[in-house]
Amino acid sequence: MFKEYNPLQESMFQVIDNHGKVINDKWMPKIEDKQLLKFYKDMLFARTADLQIVSYQRQGRIFTYPPNYGQEAIAAAAGVHIRENDWLVPAFREMGTMLAKGVTLKELFLYFMGYEDGSAFTKAKNTLPISVPIASQLLHAAGLGYAIKYSKKDEVVYGFVGDGGTSEGDFHEALNFAGVWSVPVIFIIQNNQYGISTPTHMQTASSSLAVKAVAYGVKGIKVDGNDFFAMYKAIEESVKVCRDGKGPVLIEAVTYRKGAHTTSDDPTKYRTKEEEEMWEERDPMKRMKAYLISKKLWSDKEEEKIIPQYKEEVDRQFIEAENYGPYPKEDVFKYLYADTPDDLKDQEHEYDRFLQWKNSKLK
Amino acid sequence: MFKEYNPLQESMFQVIDNHGKVINDKWMPKIEDKQLLKFYKDMLFARTADLQIVSYQRQGRIFTYPPNYGQEAIAAAAGVHIRENDWLVPAFREMGTMLAKGVTLKELFLYFMGYEDGSAFTKAKNTLPISVPIASQLLHAAGLGYAIKYSKKDEVVYGFVGDGGTSEGDFHEALNFAGVWSVPVIFIIQNNQYGISTPTHMQTASSSLAVKAVAYGVKGIKVDGNDFFAMYKAIEESVKVCRDGKGPVLIEAVTYRKGAHTTSDDPTKYRTKEEEEMWEERDPMKRMKAYLISKKLWSDKEEEKIIPQYKEEVDRQFIEAENYGPYPKEDVFKYLYADTPDDLKDQEHEYDRFLQWKNSKLK
Amino acid sequence: MVNAINDALDIKLAEDKSVIVYGEDVGVEGGVFRVTEGLQKKHGVERVFDSPLAESGIVGTAIGMAVAGLRPVVEMQFCGFIYPAFNQIISHATRMRNRSRGKLETPIVIRMPYGGGINALEHHSESMEAIWGHIPGLKVVAPSTPHDAKGMLISAIESNDTILFMEPKRIYRAIKQEVAEGKYTIPLGKANLVTQGKDVTVVAYGAMVREVQKAIVMAKEAGISVELIDLRSIYPIDKETIVKSVKKTGRLITVTEGPRTYGVGSEISQIALEEAFLHLEAPPARVAGFDVIVPLPKGEHHFMQDPYKIFYEIERTVKY
Amino acid sequence: MVNAINDALDIKLAEDKSVIVYGEDVGVEGGVFRVTEGLQKKHGVERVFDSPLAESGIVGTAIGMAVAGLRPVVEMQFCGFIYPAFNQIISHATRMRNRSRGKLETPIVIRMPYGGGINALEHHSESMEAIWGHIPGLKVVAPSTPHDAKGMLISAIESNDTILFMEPKRIYRAIKQEVAEGKYTIPLGKANLVTQGKDVTVVAYGAMVREVQKAIVMAKEAGISVELIDLRSIYPIDKETIVKSVKKTGRLITVTEGPRTYGVGSEISQIALEEAFLHLEAPPARVAGFDVIVPLPKGEHHFMQDPYKIFYEIERTVKY
């Protein structure tokens, strides 16, 4: 596959077209109907949550949030393949994979509401917290890859980054280290066409992002990120490469951020209606749904029925997060060091004394 | 040329073979005999100086110095093309180009003896000082390129880096910015096979360094850096590209550091005699000399005659540098800010008082 | 303050063709805080533009431009994202003149919103100016009002040094103030005596000035007269203004947002020690952040300096 | 000291399979100062190896390894070359535990030669520990003897925190000292009372300890009794030891190599202010570098702390 879709040839790996029709039988993955339906529903859940969160934000109930809207197929496909012991190294727009790893919506909500507790994943194993400094997390992925290889474990690392992130030096160093060390890491670039307001062609003059694999001597492939089947297959093949000790792999997943960058961004400033409409036709959910409907596996009616259930579930978890309670003062000091130094303890005691004084003043 | 020697095809651009025989007529540059001789002599001067410096260092007359020994053709070829108003952005192993720009040996000596004055080039225009933090200088080259384009000047930037330097994030960011901005910068990688003790194949898994150009959508070429004619031609073509507004260009110049990394390094720890012997046959000076002798432009006798003159000149400049005198205390404080802040002035005054006290004590 | 900064940039762009403004999303969008809004339209895409997402690249290329005679004003999107550029700042921007013995200069302004109080995610709320102040060759300033922001930014752009221009984003839109039209400058390196007082000197800058002013109201009620100095410049420090005031009041408190240890406060105290030891009636005290990572929004109030905390320290120091 | 550090690494590599040593040229060559000499041969190329030339890459990958349970000990070739890794240190290594509320840890040791005095080129001689000490979540230590170096490094490798281990390269081979064989630890965060005295407390660390010792000889001749504290740990600071001493002597001097402003000295002074104000008989003073870039070798003597400078300040403070 990596030979057939050599990024130097500038072709994009696709399996279905915009209408959900299979156009690439050779690489159409074999997935059981039941499974397939589950994957679609996972995406549907993610999208429902996403849209819901935007409305919470409008109500002032959450500060900021980066929607996955339009990019669901990528994180979902990774979520299908990632195992319990595989490592997930997210950027911040990979809800589907995080949920698949066992991160709960409530935890995500806690994080975006402003509690670090949202990153102390209670169920998800081998999952790094959301990483805000762009591209920096990819080096952690490379290091995890080294640890896996060193310990001779059968694990794979999934490291995510955006198109904008490919401009950072850390992207380069991560791919380069992983290449030299030949470690089992799948680097997935979600090329959603923009880094906030900056279009991908202003990030780099290279003919694609996948082609950057050549600079590191690693396998690379450009995939239609709005084509669930293509993403499914590309990741499946990448996992094989990694488990065979032939990693890393670089995947450019071509997609579109249908929503705003974060809930405080206004995309009308930097993109056109025409562009948005063009991408609307490539919407990953619509395409997969069309496929499912053509196979009689799904219908609008079923979808209409299930969405309210999802909304309810999202709401339930959101409200749980909203009622999480006050932020314990102790938590400000507790996690900096394995053993809190005396001086830091003194700072906490001094703060206690001040709080007491303040409370007495306010009474 | 950049099509013919596309780095993806993994061929190396050469013009003469190890015996100085022209093997690539098509790309043999047209250079007048007199000129050619001058270029050879420049290289000879550089090599003489280099070997001389190593012996100064053994005598404890200079602290540390990174020899150019074996890499002379690259810097010399760049030196031929670089104009007075072109910008030179050196790493630290480009003596030939620096001399061509008008930096004096004495200035280089002053620098390596430990005087900043050695970087206040009195004659060389548009030349940046030696840059120690690996690869960081390439971003300056990209920025200079932007300034040239912005001011619509007819200038070219020559930015140097080593093979080890290609691993740094700044290498990536510099190539990427230059690519996006499409600025007139020639990036020259001196691939001398090692970064101190680390061989190039441990720096990157890519098939060559030139191929990294693809990641930035810029022209790239792998050149035999020990072949003066090939380097001459490659830079000539790169300059054209840049002056046509089609830059940047990335050149990988394949060479070998015949000497130690710096005068305090011991290469026998990390390389074999066989390897050194293999590269001895590709020595750039020998190859060019063989060519010149075959054309009856040069002879061993002439070389034997001229080397002592060069040695004398090197020695003269070295001794001038050695007698440069004490380092004025004022210079420690003077160049930090356009106007020295009061507090810093106070620090200087306080130091004066201390020195007075100390002198009185020591009497 | 957003408008005042925009105004300063606009004035300098119009006046001097060597001024160039770039950074992440500063062009088309006008920056995530809209500080550069409208400037690209007005001054063209070659002078105000979006760069690739790479901070080392932004500062590193600015160094090249500056050496060639331009005056780049670059933006770091948030204080937590300047660190990839650390090497270019400490190894080159602040050293080029010294390294070349005055031959090359790097007149660069690095603008950067800093500080807490806007309910942002991790890395968006730090105040690490002590780190920057410790770097030889760098000037570090922070305005506390729109008026100062405009005058100081114009001075910064006209300076031949590399300047870190820290913008207290918490008060980007909080302070309404008439800002004089047209061009004026405020010299960098001079503090501003905001309020005269006799019992205690309080030194602050950026968003903390406003917090101190609230505490001063409380202090007044308690019969304490506070002298407030807006430091404006974190490096160099205007020792004269501080020392004069401390000699008068005999007491000193610094109010800063960053972590306490090795923070700005202790340096100001040291100045008082060195220049006014015998005038001190109480130990110079600090209101400063804890030595912790700024908590996420729900915990941020624990970290931030509120007027009560400042007043608490004022009272303690005066009663010492 | 080189041997002592090598010994500590050797012991931990032998004892604990999760310890991994890498960095630029640390493998085959054994590092530019030969600190890691022989370790690759003994422990294998998977455990001691050369990395690509990229500091952010070195620290960034160490974070990934550490999260997965390894204990990477990485080397920065010189103090001036750690800055490309600044972002990984301040944004991740020091934050992972806090960010994940204790779920993830990053036990990483970053070894780095620092300080002046070896006639090196630019970027090789800096002492910027104040910057590192200001970063929440980081521990910063510097040994002053081979004995301490070994014990402190073993402690550092066994710690679950990220530790910047600063090695005073000026005394890498200068101090001859019998170092105990086998494993021992020296707790991080505790200062060492090197010499008792009664007139003045001097606080130093790293290569400065030896310089102070020379000044103490001069002071003795002048009839001044000096108490010398080797701080050992720049963060956290052992306040207790300092305060106890200052209460006894009533006078404090700090001796540090880095730039004076926002340096380590003022923080130590502030501690004396906060905890021993009424005991102070003279203003706590600093012997520190100027706020300049370390001059190249021919000018370096202007910058460095010599025993005379220290004695000069001792005398001034005692006579205050």
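Note that the chains take the letters A, B, C and D in the order they are written out, and that residue 1 is the start of every chain.
Definition applied: a residue touches a chain if its C-beta (ideal position, glycine included) is under 8 Å from a C-beta of that chain, and two chains touch if they have at least 3 such contacts.
This is a predicted model, so every value here is computed, not measured.
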| item | value |
| --- | --- |
| Contacts common to subunit B and subunit C (chain labels) | A, D |
| Relative to subunit C, chain with the most remote C-alpha centre | B |
| Centroid distance [mean C-alpha coordinates] between subunit D and subunit C, Å | 30 |
| Between subunit D and subunit B, distance of the C-alpha-averaged centres to the nearest whole Å | 35 |
| Chain centre separation (subunit A, subunit B; CA means) in Å | 44 |
| Inter-centroid spacing, subunit D versus subunit A (mean Cα positions, whole Å) | 40 |
| Interface hub residues of subunit D, defined as touching at least two other chains | 52, 54, 56-57, 80, 83-84, 87, 91, 98-99, 122-123, 136-137, 237, 261, 290-293 |
| Set of subunit A residues in contact with two or more other chains | 116, 133, 167-170, 173, 176, 180, 202-204, 331, 336, 343-344 |
| Graph class of chain-chain contacts, one of line, ring, star, complete, other | complete |
| Subunit D residues touching subunit A - in the complex, by the definition given at the top | 20, 46, 51-52, 54, 56-57, 59-70, 72, 84, 87-88, 91-92, 96-105, 136-137, 139, 159-161, 189, 236-237, 239-240 |
| Residue ranges of subunit A touching subunit D (in the complex, touch as defined) | 87, 89, 116-117, 119-121, 128-129, 131, 133, 136, 138-148, 150-151, 169-170, 173-174, 176-177, 180, 331, 334-338, 341-344, 346 |
| Sites on subunit C touched by subunit A in the complex | 24-25, 28-30, 32, 50, 52-54, 56-57, 80-81, 83-84, 119-124, 260-261, 290-293, 295-300, 302-303, 308-309, 312 |
| Subunit C-facing residues of subunit D, complex | 56, 80, 83-84, 86-87, 90-91, 94-95, 98-99, 122-123, 128, 130-131, 133-137, 235, 237, 258-259, 261-267, 269-270, 273-274, 277, 282-286, 290-293 |
| Subunit D partner contacts - residues on subunit B that touch it in the complex | 63-64, 111-116, 132-134, 164-165, 167-170, 195-198, 202-204, 265, 269-270, 326-327, 329, 331-333, 336, 343-344, 347-348, 351, 354, 357-358, 361 |
